[in-house]
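Two complexes are shown next, each including subunit A; its partner changes from subunit B in the first to subunit C in the second.
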Partner chain A sequence: MNDGKVKTGRYVAALVVAVAVVAAITAACGGDDDDSGGSGGGNNDRPLVIARDMDINSMDPSRAYCDTCQIYLTATYDTLIGLDPKDNKTFVARVAEKWEGNADRTQYTFRLNKKAKFADGTPLEAKDVKWSFERLANVKGSAAYFMDGITSIETPDAQTVIVKLAASDSSFLAKVNASYAGIINSKVATANGASNAKDADTTDKAEPWFLKNSAGSGPYTLASYTEGAEIRLARNESYWGDKPALKEVIIKQVKDAVTQRQQVETGDADIAMQIDPDTAKKIKNKNVTIKEVPSFNFVYIALSPGAKDNKVDLNPKIREAVRAAVDYDGIIQVTLGGGGKKQAAPIPNGFLGTKNLALPKRDTAKAKQLLKDGGQPNGFEIDAIYPNVNVYGVDFNTMMQKIQADLGEVGIKLKLQPVEFTVWVEKIRGDGIPMTAVYFAPDHTDPIQYVQYFGMVPGAPWASRAGSKDKPIVNQAEVDLSAKALAASSDEEREKLYESIGKEMIADAIILPIVNPNLVLAYRSDLEGMHYSACCNLEVQRLKRK
Partner chain B sequence: MTAGVRNLETGLKLGRPTARVPAWLTLPVGVGAAIIFAWVIVALTVHWWAPFEPLQSVGTRLTGPSWQHLAGTDALGRDVLTRTLYGTRSSLPIAGIVIAVAVVIGCAIGAIAGLFGGWVDSFLMRISDITLAFPPILLAMTVTASLGPGLRNALFAMVVVWWPVYARLLRAQVISVKQQDHVTAAVSMGAGRGRLLVHHILPLSMTPILVNATMDFGQVVLLAASLSFIGLGALPPSPEWGSMISEGSVRFYEWWIAAAPGLAILTVVLGFNFLGDGVRDFLDPRTRRR
Partner chain C sequence: MGTYVLRRVLMMPVLLLGLVTVAFIVSRTVPADPLSTVVSERQLNNPEVVRAAEKRWGLDKPLTTQYVLYVRNLLRGDMGTSFRTKQNVREDLAARLPVTLELTLASMAIAVSVGLFLGIIAAVRRNSWVDHLARLFALIGSSLPVFWTGLFLLYIFYARLGWFPGPGRLDPRAVGPEKVTGMYTVDALIAGDFATFGDALQHLALPSFVLGWAVMGIISRLVRASLLEVLNQDYVRTARAKGLTERTVIVSHALRNALIPTLTIIGISFAVLITGAVLTESIFSWPGIGSYAVESSRALDFPAIMGVSILGGVIFLVTNLVTDMTYALVDPRIRLS
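Let's turn to the complex of A and B:
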């Protein structure tokens, strides 16, 4: 008994101590909470974390060319004009407060905002715009083609920029709106080895400097970048426009969709934009908001009659047969759990001129008839070499196995060969591939990019891939129509022209769009202003915490 | 003398009471043999009794295990159990072929090296050293990646990885057996090198090769699956365990897609390891329990 009492006494003492400790800790934590709550806007002082599988190729605006680059560059470098995220169509003022093009779209004039200044305090002037555009062109990065056709850039005064073009280009505003055309502080960049000279592709040595610094006028500045790990952005406290709410933004490398989902659910990340619709459906967490929005990305299969290894006569009838044999709805189910749309032409849904185009439909009877008409009544065997990737939630292996089964039903046998992306690039740029599957994301907001890439027009990559390097396939109607579209000044006129181009591209039957995947935005529910931007992916300056 | 040697070779019982269970036949060995036997039967007969077609979509996609689909369905609505069972038809033959070819090539090289000695030996053994210096998976990846994905290339790559093991093993055996008295006797009676090798040396050198080959079976299954997992082995849509696990790996919450083929690999590797232990005990008198 006595023994027992002693023990009980000790337990009580221990309990008292424990309670005291817990109380002290709770008090301390409570104190912290009060502090941050009391200062007002404290939530926005906490860093915002974006979980992404980063594909950064460069942090230099003139050399960068990737989805994550778009987010980073938009935050740190202002462009002349912005895009209204509400409709992803209307241009809004940014550095330029006014802009206009002449009647035949060969000259554009921009009037710069006097208040605009770089993060280091120097005013942003016309000379910086001229210097940035010339550098973009001369460094010869992937986005250099945006500046193709510029004959001169004039700067009559510090607030006026006049760009003159060799030929009509109604897409020039869309290119200027793209994040790669952000304005760089020419003085700072030049001091660190940058150059806008003709030979800048060899003499410009500033790329390493851009890994550690940003030199823009944007709402954020680069605080640090660790390759393969994270980008840290700090608010530009002297931003000349509306001050962004969030003090710090971190873009963190998180490879797969499942981990991104877990991090958003636990609060380790605030935003994930690469979760596939199937995975997103399983999230049942009131702290996480899921929004499925239409994207401008698409996945397609491409037929190249002129590929070196091709042994089948891929005439237009046969190509139409392939189109009619694919079960589009089935593929959207299998790859995205229904989270996508069919697409008519190689111009994604939502772009000018795509509204009235007829969507593809499965019709196996028609496919068999077309095979007969095309001279292959018993079907044929063809190599399908494609990159072994998973993009926009579409797993290419899954998609191609489904297409293999679909085409098998009408007698077309696919020999599937998934390869590494780099191997695929080498093959497609070399001898070509008879049948392949690829994906595409827009560079800017004008539909002309699709004609220049997928159209059967001279200079378009797919025209020579479908035919051969020496003898690309040319569809003269597309050449004429696109010239007219580039010179057109009204959107109504352009819409009509692009619709006609879309019909021509459908008739080409070289590029067969399979699915236009929806984009899943998964984010913490306390976040406001979440959106998807056609030019810039995500504009972090529009975000804030409740 | 001759009789005694032959007994050692074949592992015949050396005067043990016939009623007792032989010492090498332990529980793990029995289990291992049973597992392998079961998988071989599956591989041979699955097309007669499998519940579904392995390449066809037969149910609602991504449903968990149920009575209808015991191991669930994958992203294309195919039955995971059926595909796993059909997987034996690529995994087991691959392992068999790789081991067989590697043993033949490895033994030929090892025997030549051991028998001739001198610069031939040095040359061949340095080549095998170089091959062994690479981590197996890395070398197999390099070979397959340069030849292009596909089971045939993966097979070739695995043979490239595996032959040095047997070459070294046999060379060591040949060198030690070469010095035994019966070989000296044969030489003195005028036996040629070929006859010496085939009749007097090889029969006494094969034991460790056999033991190793049995143990390696599981490793080859594993390596083949690894190559398929990273997209260098079996091509879609063939039901190969490694590529099935790879399909499942991107769908963490649909665990069943990877679970069934994973379990299959586990049992096969375990089975061969158990069996290999038994074979070693059976063939090697030194480790035999007394």
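Let's turn to the complex of A and C:
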């Protein structure tokens, strides 16, 4: 080393300076966090932050269809009737102060509250309800089916709406209670390209406008939406109903449960709703309240005897054998750390008609006997193609590996094939899948949606998937019972009918519910009014700081 | 050099058309159903809803017609509407590119400055503890997966110590500065809002370090190897014999020649980070191009996939051109022709 060489000490000194700069930045950062870790000081002007992995497909109320959409739409668009969060069953007045259905449930009359007005001050009138329902039907979005069967919507005066249906539909009130049936300011929306015409699916051009604006009468308005980042809601200061306490609500995009947990612990977020029960158990922060509540979501496996690639005779006894071979308690433990419940039928626990249904339980001896009776004494091999997802805290790979092990004990070999959701859709819409695993969250609070989706009734997707597109499997008892349920006017009668339908769906053994996961509500302890709503996920207008 | 640059620029549209064609064919031949992005799974059996969706998104037309329409609209500057975000793809990219650029520029600044520094001291102090330490630091940075580094650093410095802010570009309750460039640090400075500038800078620190660390490992190792090779050359010995200081010998004589391969890596890394910082963007909730690309691919969002492909292609072509031009600036012996 000669004298001209740069000394090591000089490099070290430079490194120290660099570290010092970084340290200065970090020191500056440190100052803010402690404040947010506090209680929030009972200040409702402090924005409420909800950390979510957002699944927004649209901000247009007639086209939106997702969990986050339910929160957003409920905050910005009032519906005709609301749902009491105390029991998640009783309808309460919202825009409509009175409502009634006729005896056979083919006509519903709504009397609107005269005080109801949109955020811009325009009175909310019957014509807006008619326009909103017609647009929901005619843009043919994913929630358009809510309006199926409507033959006419009459508006004899500004406060009266009469909806007439082609057939009995006792679920109609549940549908108009759903957030997708929110009432839009027809004048404002029309001025921005919206249409309720029959050809609205091609002529309506308002969807981009709804990305930046809301046009409802709800307790909040859309302040801004940044795709992939956040939704900001500002309190509707001229709200016609009970004014919400919180001035601003921000729904933030936070992808994973671990980060959501960190944010709610540090106070950066006030609410995290997608934390799985396992992660929730690790939260020991006194500023965070953890509540595990029953959800109406469920995860199931499905068998399709008619799938083109199916090489096994999946007769009822074989399907029953699969049900008997699954270790439900073990799966709930492995996937959710015990944070879930077994479910009897493809109608979730808590819905009308489910409380007396027998829950599935593992019985390998019975499974082996059923395999023998069904003509497969040595078991069989079957493809299990499922979307590679983690939903409601259930990792599908973990669940399917456990099911593979369970079924393996009775001689049924599963060939597991996890695929992307778009690939799964291509397959299920194409030749079908012999065995799959999927999930389901309710659109509204009436059990008929499960019959119309999972039941072996004409038009139900799983009736076609279980059989074939040309020859769906049909269970006539389900067809008859569901027609009666739709025409029934009392809850007692409907409960009995749905219980009978549930038993029929269990006997079908096409849809085998695996777990009904609990929902973890993790929120700052200074928050009041936190709840889970069956219709709307979360009604932010009910929240306030202590 | 002017002719060379002009020729390269004129070639770009041809290359991009090739890219568009390949991307179009590949995305359309994937055995998956894009309808699941625009129609809920439970409505896919409803022929009326499916027909309306196919018509609205142009999926009812033959592939060749779809291709011709796409190229025709593209020539008019219309990249179509994203199935997923329901926004014009050009607007989506314009909103997300500055986010990624801000992150990438900060990462590259860290990677290049620290990488060069470590590479130089490691070469100059070859086989000393400084060399070993610098190489170890570089090795760890380039070996650890960014998702692990990101989650680990967030856990330690955000959740546990509270030294750094959490995910996002600003405090969750803060409002961003008025948009000029889309880069919060720059826009805050333009607005003279130093509080927001500080907030944005703090939020930039962890994700840019995570990304920068991964790249700095490669740069420092390359600089060290190149410099060691150059330091044994005759002209370096001559420079020393002339009595120049070691600093002058290294900075003015050796480093300039050793930088050529490093420039290539810097150029490629920059282009890769623009479209490939997926995990970092996801972990730190940065709504950038990388996460947009992945979400669009998973949803089989054709217009968005095409948009990202074109943007990525342009970035690679421009970066390569700039890198080639920089060669000539760094080494006068190189003449572009």
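Worth a mention:
Simple rule for what comes next: the second predicted complex is superposed on the first by the 504 of 546 C-alpha atoms of A that agree within 3 Å, B and C clash if a C-alpha of one lies under 4 Å from a C-alpha of the other, contacts with A are read in each partner's own complex, and residues count from 1 in each chain.
Criterion: a contact is a pair of C-beta atoms (placed from the backbone, for glycine too) under 8 Å apart; a residue touches a chain by one contact, two chains touch by 3 or more.
Note that the structure is predicted; figures quoted are calculated from it, not measured.
Of the two partner chains placed by superposition, only subunit B is touched by A:Q333; subunit C is not.
Once chain A of one complex is fitted onto chain A of the other, the partner contacts of A:V258 extend to both subunit B and subunit C.
More residues of subunit A are in touch with C than with the other of subunit B and subunit C.
Once the two complexes are overlaid on the shared chain, A:S464 sits against subunit C while remaining clear of subunit B. After overlaying the two complexes on the shared chain, residue contacts for A:A405 are found with subunit B alone; subunit C is out of touch. With both structures placed on the common chain, the touch criterion links A:N388 to subunit B but leaves subunit C unconnected.
Contact with subunit C, but none with subunit B, is seen for A:D201 once the two complexes are overlaid on the shared chain. Touch criterion met: A:T279 reaches subunit B, while subunit C stays clear of it. After overlaying the two complexes on the shared chain, residue contacts for A:E420 are found with subunit B and with subunit C alike. Subunit A uses residues 256, 258, 420 to touch subunit B in one structure and subunit C in the other. Interface of subunit A with subunit C (complex): residues 2, 4-6, 8, 11-12, 14-15, 18, 22, 25-30, 32-34, 37, 46-47, 49, 57-60, 63, 65, 139-142, 144-145, 201-202, 207-208, 211, 226-229, 250, 252-256, 258-259, 262-263, 265-266, 268-269, 420-423, 425-426, 429, 438, 440, 453, 459, 461, 464.
Those residues of subunit C that touch subunit A in the complex are listed here as 30-46, 48-49, 52-53, 55-56, 84-88, 92, 95-96, 114, 117, 121, 124-125, 128, 130, 151, 154-155, 157-159, 161-169, 171-173, 198, 201-202, 205, 240, 243-247, 249-250, 282-283, 285, 287, 291-292, 295, 298-300. Chain contact summary for the complex, subunit A toward subunit B: residues 256-258, 278-279, 282, 333-335, 388, 390, 395, 397-398, 400-402, 404-405, 416-420. Listing the residues of subunit B that touch subunit A in their complex gives 55-57, 61-62, 75-77, 145, 148-150, 231, 235-237, 247, 250-253.
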